[in-house]
Amino acid sequence: MSPPPATSSPPLMIEARALGFTRRDEDVFGPLDFALRGGEIGLIEGDNGSGKTTLLRVLAGLLRPGTGTVQVLGAQPGSEEARASTIIMGHLLGLKADLSALENLRIGMGLYGRAADANPDAILARVGLDGYANEAVRDLSAGQKKRVALARLALLPARLWLLDEPYANLDRHGIALVNDLLAQHAAAGGAALVTSHGAVNFHQGVTCTVRLAA
Amino acid sequence: MLPVLYAIIVATLFPFALGPEHALLARIAGGVVLVTVLLAMLLALDNVFRGDLDDGALEQMLLSPQPLSVLLAARMLAYWLVTALPLLLVAPILAYMLGLQPAVQPVLLLALLLATPLLALLGIVLTALTAGTRRSGMLLSLMLLPLAVPIVIFAAGAVGAAQQGLPWIAPLAWLAAALALALVLAPLACATALRIALDT
Amino acid sequence: MDRFLAMGGFAMYVWPAYAAFFVILAGDVLATVLRRRRVLRELRGRLARQGPRRRPRTSA
Amino acid sequence: MNAFKLWYHKLGSPPYFYVFAGYIQPWLWTIAIVLALLGLYGGLVLAPPDALQGDAFRIIFVHVPAAWMSLFVYGVMAVSAFIAVIWRPKMAEVLAMESAPIGAAFTLIALITGSLWGKPMWGTYWTWDARLTSELVLFFIYLGIIGLYHAFDDPRQGARAASFLAMIGAVNLPIVHYSVVWWNTLHQGTTVRYFGPSSIAPSMLWPLLLMTIAAKFYYGASLMGRSRVALLDRERGKDWVADEVRGGDVHG
Amino acid sequence: MLPVLYAIIVATLFPFALGPEHALLARIAGGVVLVTVLLAMLLALDNVFRGDLDDGALEQMLLSPQPLSVLLAARMLAYWLVTALPLLLVAPILAYMLGLQPAVQPVLLLALLLATPLLALLGIVLTALTAGTRRSGMLLSLMLLPLAVPIVIFAAGAVGAAQQGLPWIAPLAWLAAALALALVLAPLACATALRIALDT
Amino acid sequence: MSPPPATSSPPLMIEARALGFTRRDEDVFGPLDFALRGGEIGLIEGDNGSGKTTLLRVLAGLLRPGTGTVQVLGAQPGSEEARASTIIMGHLLGLKADLSALENLRIGMGLYGRAADANPDAILARVGLDGYANEAVRDLSAGQKKRVALARLALLPARLWLLDEPYANLDRHGIALVNDLLAQHAAAGGAALVTSHGAVNFHQGVTCTVRLAA
């Protein structure tokens, strides 16, 4: 699966120039330059502790960049405009354990809006959670929880996805599912930045790789 | 539901600790109910953001395109409806059981009606500030209680005045003014506090 | 009859007491009935779906 | 002896108990209702007004049965809880946990009717008398048991944990019962000695006894109904439940 | 550390809520300090197992080859040292601030010295019972407070008797007996409770 | 790497016969028969929600087996004897976030004892956490936390390891490290049961595979 042919130049989703982050005056990741356009999928590679999670949190606006500049959808990360079309999936999935899978999706829609053609039930079926719509998330297995988070991703209208280790805890079907969702998202003009340790069968359409040194 | 039970049980402990002397209990009934309701709200408050923080939902909220102050105002309203409203319903019963004069009941209720939303607003701003820390339980009480002191003083002042047959409007008017101010400022302060707590 | 209802002037204590007795016990019964309905509805749903619930992929 | 053992083991099996409970439930209901109607007639109509209390004494016919039941149900619950914790039969767990709400209901009734009686007698709905307070504490213990049971995802785990709590909370029973004796001198108008068992007029005694027995049968009936539902819920994977649901014999 | 501050602040709220009438405060000082210390311990108690449960450390403890009752006894001791001991140190100060007669101070201290370990033991058994659940905060108060009532009664009985110049040994002797019993039984009960709560 | 040549027959670590588990009377995993001996490494494969985590928890004694029988080191799972030589690493790592990596290892040794030649500092270096011994676990990255848990595993004397998705969140070196630790453990006569979705380069010396159907 390759990125869709660019008719005009697709919009710039992320643009980082000499972006760096320091914590208590220690460099976490060095100066990075990269850009991500609509329809592209970027991969962040790096060993444990090299700063992948930190980078995603900077892009989401949860941490302030240390050095350099970064723009997300033409605005400051974390600004109103940027938040309107960004969604991050981190190590913590942000699901309410006491609520059912369906209720969690509804909360997501309440917060972020809903993609045009999205239907919670259909999406739950797509991620392989047919019979689990009304099960409390607390009672799902690790992989099933991840799938709920993926379903939420597919349901929301965000154009930029920041995914921290989306493949962890998923089985083969789950990994294929993530790649499917990514391909579909890119085909629709969205962009995604994904961290991974490279040990899994990664999505084929990667157009940009950011390497972090440990 | 549970903060109510907590308040009932704490209020029940006092007669045990002090002995069932009617005049004494009646004298302190107003104050004990006030303090008890305050403590019950405080306990519930800690769970509001603690849960959201632990499962990452707070981040999702922060990053959503909805204006943060609106989200937080909704959260405050929900919190007040779920914890304070039931407390307001049992407070008169507790006050009766402790022997508060019936004439003072409306004043107590009015004082609570003004004091609880004020506390909720204050508490949520502070909880937002402690959101970045992990040990927020005790810390929250520590920050909230000193700020709650003026609220308690005014509320208790009104109840005490009513118990002695004095005019009790003035302290309640102050509470009402503070509440009006807080209703406007708290959502903004809360949004700011959350940003401060979660940023680096 | 009016004298009976007046309870020698204690009506406002006696009748609420009897009301409390029967209303609370009726609440107990009602709670059981409602729970029974809910459980049966859930069980019928499960049976209608045929087979164990925990097999999403095979049932698709 | 052997027959008894066999019966005991049969009753311990959920499907058998389900059928058994369904069979005796209508009888329990009938007896409870008939006795209650007789008792109410005797208490409200036949018994003459009390010399001291006027008609207010008629609260006794709901207050005392409920107050006794609040202790009796706890006793039953504590025994099944003990069995549930030690030997872990499913039925003991179910009986203990389904008793708790019924006991809480009776406790609440005793509290409400008692305070309604207290106003004309003592001039206040509530005082911090030992009997009253320990009954209030009993109510909280019931609530704690119910709350703990529902806090668990797995009903069996919850039942066992709550049973353990019920065993600890049983220390409150003697306090409620003997509070009037132990703190006799401290507090006013202790209720048990107010009449003295022998001083109750027969016209008052027999309706009281009827109401008391009716309450016991009500407890039995309600417990059977609750246990049947709980069994359906817990044994949802079992064939007998499927048969029961399909068989259409699912009324009442 | 934090429970102490919490107790100080709650005890400080009372003069505000009741008005600074010396005789009244002196009369209730003993009871208020008792209730306050109890509540502070309760708040801290919830964190004892909650944290261990959330990060999986409780499971590690359960599965270790060490006998569970020994582990739990150590946990109880640590809990008492960290929360109750500091509270015991400030309790006389709080009582003094509220105006308790100096002669009653030793009785109050003795009562707390017996009541706090008893509460700790009881509390830990109950916390162990709620270990399998996720919503233990309020539930714990609901379970603990009714069972704590006798402890409060005896402790307050001793303090009250001392305040009136009556003999105060008997209630304290009861507390001491209960404590001795609890010291033996609690670790066993606690281990049983943990097994029940975490088993299927 | 193949299992060490059996001189006599190595001791039986796990023996399951028709082992099944039911939750609210619904089957979670079907009847399983398998055995694991000292020196062997078993793999539990299955899709998300097939019951891998549940099986490990049954073997550790945290859940009671529903049907069938199972023996761990010749005793009931969860019994004194079984606990003395079993350690489980689950989705929750059981590390205290406020304590440092080293302190967490010390707690582990206090609870479970310490292997004969174990040295906390050396083991931390081995798992790639040289400079992090005194860092609070809260401040480590996801993979670094996992490595602390691995260090604890290597430090303790337990002969049976139950590892739930040990490869998740780890980079290539981390995966090699897990395989190394497994090989060394097996060579020393220990046994391990490992769950995985099979998407990663799994340790070569697997001698027994348990498959769970979703």
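Per-chain numbering from 1; labels A, B, C, D, E and F assigned in written order.
In the analysis below, a contact is a pair of C-beta atoms (placed from the backbone, for glycine too) under 8 Å apart; a residue touches a chain by one contact, two chains touch by 3 or more.
These numbers were taken from a predicted model, which means no experiment stands behind them.
Farthest chain from subunit D (centres taken as the mean of C-alpha atoms): A. Of all chain pairs, the one joined by the greatest number of contacting C-beta pairs is B-E. The chain with its C-alpha centre at the largest distance from the centre of subunit B is F. With each centre defined as the average position of its C-alpha atoms, the distance from subunit B to subunit E rounds to 24 Å. Subunit A and subunit B have centres, each the mean of its CA atoms, that are 39 Å apart. Subunit B and subunit C, compared by their mean Cα positions, are separated by 34 Å. Spacing of subunit D relative to subunit E, judged by their CA centroids, is 32 angstrom. Residue positions 26-27, 47, 49, 91, 97 of subunit F are each in touch with at least two other chains. Residue positions of subunit C touching 2 or more other chains: 52-55, 57. Each of the following residues of subunit B touches two or more other chains: 2, 5, 9, 12, 16, 54. Across the complex, subunit E meets subunit F through its residues 51, 54-57, 59-66, 71, 198-200.
Those residues of subunit F whose C-beta lies close enough to touch subunit A in the complex are 46-49, 53, 91, 128, 140-144, 146-147, 165, 167-175, 197-201.
If you check the complex, the residues on subunit F that touch subunit D are 22-27. Per the touch definition, subunit A reaches subunit B in the complex via residues 23, 60-64, 78, 80, 83-88, 90-97, 108, 111-113. Listed in rising order, the residues of subunit B touching subunit D in the complex are 2, 5, 8-9, 12, 15-16, 20, 22, 25, 96-97, 99.
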